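Think of it as A, B, C and D in the order they're written, each chain with its own count starting at 1.
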Amino acid sequence: MSKKIDLNGIFPPIPTPFYKEEVAYDRLALNVEKWSKTGLAGFVIFGSNGEYPYLARPEKLQTVKTVAQTAPKTMTLIAGTGCESTRETIELTNAAADQGAHAALIVTPHYFGDKMTSTALVRHYTTVADRVSIPVLLYNVPKFTHINLPAEVVAELSRHPNIAGIKDSSGNVAQLGEYLNQAAKNFQVLVGMGSALFSALTLGCSGGVLALANIAPAACVSIYNLVRAGDFAPARDLQLKMIPVNKAVTGTYGIAGLKAAMDWLGYFGGDPRPPLLPATEKEKAEIKEILIKAGLL
Amino acid sequence: MSKKIDLNGIFPPIPTPFYKEEVAYDRLALNVEKWSKTGLAGFVIFGSNGEYPYLARPEKLQTVKTVAQTAPKTMTLIAGTGCESTRETIELTNAAADQGAHAALIVTPHYFGDKMTSTALVRHYTTVADRVSIPVLLYNVPKFTHINLPAEVVAELSRHPNIAGIKDSSGNVAQLGEYLNQAAKNFQVLVGMGSALFSALTLGCSGGVLALANIAPAACVSIYNLVRAGDFAPARDLQLKMIPVNKAVTGTYGIAGLKAAMDWLGYFGGDPRPPLLPATEKEKAEIKEILIKAGLL
Amino acid sequence: MSKKIDLNGIFPPIPTPFYKEEVAYDRLALNVEKWSKTGLAGFVIFGSNGEYPYLARPEKLQTVKTVAQTAPKTMTLIAGTGCESTRETIELTNAAADQGAHAALIVTPHYFGDKMTSTALVRHYTTVADRVSIPVLLYNVPKFTHINLPAEVVAELSRHPNIAGIKDSSGNVAQLGEYLNQAAKNFQVLVGMGSALFSALTLGCSGGVLALANIAPAACVSIYNLVRAGDFAPARDLQLKMIPVNKAVTGTYGIAGLKAAMDWLGYFGGDPRPPLLPATEKEKAEIKEILIKAGLL
Amino acid sequence: MSKKIDLNGIFPPIPTPFYKEEVAYDRLALNVEKWSKTGLAGFVIFGSNGEYPYLARPEKLQTVKTVAQTAPKTMTLIAGTGCESTRETIELTNAAADQGAHAALIVTPHYFGDKMTSTALVRHYTTVADRVSIPVLLYNVPKFTHINLPAEVVAELSRHPNIAGIKDSSGNVAQLGEYLNQAAKNFQVLVGMGSALFSALTLGCSGGVLALANIAPAACVSIYNLVRAGDFAPARDLQLKMIPVNKAVTGTYGIAGLKAAMDWLGYFGGDPRPPLLPATEKEKAEIKEILIKAGLL
């Protein structure tokens, strides 16, 4: 249980492909093979874009296994294994580790949101980190959870030997700055919003977990490499060019839009699981236009 | 699949008792026996107060089975079986029916809240109601889900032969009125907030699913009976007397407080499952005072 | 400074009529004359429906004067004189009193909402009540202010000799119950949402300040009188019938819709002041349909 | 009416000093003199930190006049003159221009927030910009107004010849990117959150309107100059160092805290106007510690 894991670089939170509502493991493998040639540092399996709340436990484990068997050994596999209860989170995390996950992304429990006080969150994450066999990443995604991980909580948890970093999807750079300021030196902060990648990297973040990286991995990797090389102007220009794409596949059209974009770009996207609605033909056409305009298609 | 189910009366959304974090089925049975002598119309297993997001599937089914084997045959058993995905909701509902549930309470899917449009919600509930063996109740609880079921959606769904009613915990009487106005005649509206029981009943609701009914079943049943008898003044006085108790065990102290109150009143409450924190000794003492003041202890 | 003011009954928060963006005092007088024959207890000048944030100080005072000169002496005139600063609130309240206002409706200051703590609100209202020549009503309208007056604050303020009551537009009956429970005996609670009138009255409220009363004064007064007479069933039926109308003129179409409804019903409504948009012809036709369906036209 | 105004650089939204609740124009002048020697590009009079909702019209104009008479002619004076109504906004803006304001900062009208549609906002800003004698800046501050200016609205308004730029205090860098992407070329985007200055500048913003610049003008100007010179690393380090200070004087302690910090640093801060509470002695001591830690004291 040490923080040996390296979270530098770009990680796509990969969508789960379905065929007739069943997980299409074969197509997942094809997607992973294709992504593996783009310079990505690893994969996040079951970020929000993986529709994790819609998958049963055996499906989750089979998905982790599929990616682990397909991805190059050099890539880092992070599995989203956060559940509402502390005990189920521990159990699922260890099971995912057995299938090949190198680290676990643990979303804040949130159903009883007004009771998820700093004390409750510290206890939850500490108990989980104490009892799992792989490093833990905190996952702050207020858009979906309606709670926010305060910098003080992150600072305290960053001292735990088995808590390696955080994925923050709030889009709030002031808060990213607080995380960077207050956390332990070896704690790694990943930004979870494609439109904030450039800003987060210039501020000192290690990398990004970006829906955008599923459909524009090369662009995201370029932004990362340019900033690392100190070449800010082209990085910024590329970032600005990617903002409309990112907005389309995260905000406006959501996961259905992200999957439609993948279909346009030669990946297998398909439809999300119900109750999520598939993209309409009109929406698919709009997404195509956006991809063309951004030079991705 | 007809709406033969009768939802008149008072239903407590029963807490799930834990002993060393394991479900204490024996104590659950003792609680159910005790509640059964108080005039309640039935039980809601796995409303929010049942900590349903914290239980594994086998635990949920064993809990339903335990209540079904313990409760008098005259009482109506409603199981909370809503999951984020449509398919898992159907599967769990039918499994709960096999264990003895008479109806299913289906919470609005909410993780991808901004995509839970009226169209998505109508499709979800219609698909579920089409494919399950017991009547469905909609469950609107914006406090936890951060989405609200609009009256238009409820009106449309109320025409489905297998959708029998709704539990609305929004506390918004204007919306209760809209539901009553727009829904099909045989659709039954249950209020889900103890402090709004009197108002909801006078407005025409069938009954209530009330955390308060776990600790003050006699008072809730009295309010129900008094309003039904047209005896409004004492019903209102009793309602006003119960408001501070209800606030304590729903808002201020939450489920931990509800369980502490049960312990004071001779039921088995115990601690909630982590990450929920147990009530502190100080909080337990405050809850005791509130119960004494309300004449419950 | 005693609580001699009687707040029983129905009060419309009257819209301010404009002609070419100027206040049309003559038409206001005609409206007041017409409303005065319907059994209303008084008028609220500059509730939110009076577009108070859009009027200059001299316009506000001239409006109060116009109503005071037109309304029968038996009717109670309440002027909305709350400003963001404590000092300006005091000054405007006393000036409105000089023009004939009998009481003042003081909205919660809200621009710096996160700093409007209980301590700040108690100090604000106490200072105002100490220094104005007419009784004060608190005004809680979270829809517009994004802050809520907690029951504890209301309870404390209700003991002040010059704070006579509250208008609560939250639509939350549980909170109305808390106000009634915790406030001083002679403190009068008015509901500020037409769809909650029946529930509020049965719970023990003194009356209502209702946008709906501008266009359906007779129905609102009937609900009031029926509840007072203990005749609940017809009161409830009338309430349910009014809910769609109320929703139209408060939520869906807002003030522009309320004014359009007034125009249909023989009052002078006209357009709101910019930046509020006027109702479109299509919206006006929809409002007409709603009025016809409710038997108001 | 052309966009001749230059918004590059750092602008503090200056607090309004009060002595015994009256505006202390003499101390304001002393503050302005002191700030004028720090490299700031100009002043924003009546941003939110100016407590503008608490000032009467004559006070606002006298304040503008005082700053105009005191500040060097090379500095740009921007007056916050947004009111809820379109007409009052126009009137106040022109009056402020007569007192020496070079540009106007116009907050989104927000009381009737759900009616402030894109259409309403475009009409409001267009009407204002058409009829005022100085260039207009849009002002987006969701924290206080609870509405957000969408990129589409900003893009459309940016084409107006008399709308020169925007101050965006949302802290959302993705949205800043959208503004920069979609707006007209000569439209100037200013960030309104001190902790986001570095990120905003690297992304292409013209400058910042920062509460932080009232107490750390040299640091803010340094960040600006370093980024302009392409010297990113020290700019970032300085930014990270300023984040705790900024959090204290905007979030935690608010305007009272900002004024207390000014008092520690040799400016005249004083107390805010009621209903805002002054900082307690304990808070003042905490603020002192934060200033010392950041090397400002």
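Basically, contacts are C-beta pairs under 8 Å (C-beta built on N, C-alpha and C of every residue); 3 or more make two chains touch, one makes a residue touch a chain.
All of these numbers come straight from a predicted model, not from anything done at the bench.
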Can you give the shortest number of steps from subunit A to subunit C, where adjacent chains in the path must touch? 2
Subunit B to subunit C: how many Å between their CA centres? 35
When the centre of a chain is set as the mean of its C-alpha atoms, what distance in Å lies between subunit B and subunit D? 49
Return the residues of subunit D touching two or more other chains; collapse runs of consecutive numbers into ranges. none
What topology does the chain contact graph adopt: line, ring, star, complete, or other? ring
Identify every two-chain combination in which the chains touch. A-B, A-D, B-C, C-D
Going by the contact rule at the top, pick out the subunit C residues touching subunit B in the complex. 171-174, 177-178, 180-181, 193, 195-196, 198-199, 202-204, 230, 232, 236, 239-240, 243-244, 246-247
In their complex, what parts of subunit A are in touch with subunit B? 21, 48, 53-56, 84-88, 109, 111-117, 119-121, 123-124, 127, 143-144, 146, 254-256, 273-277
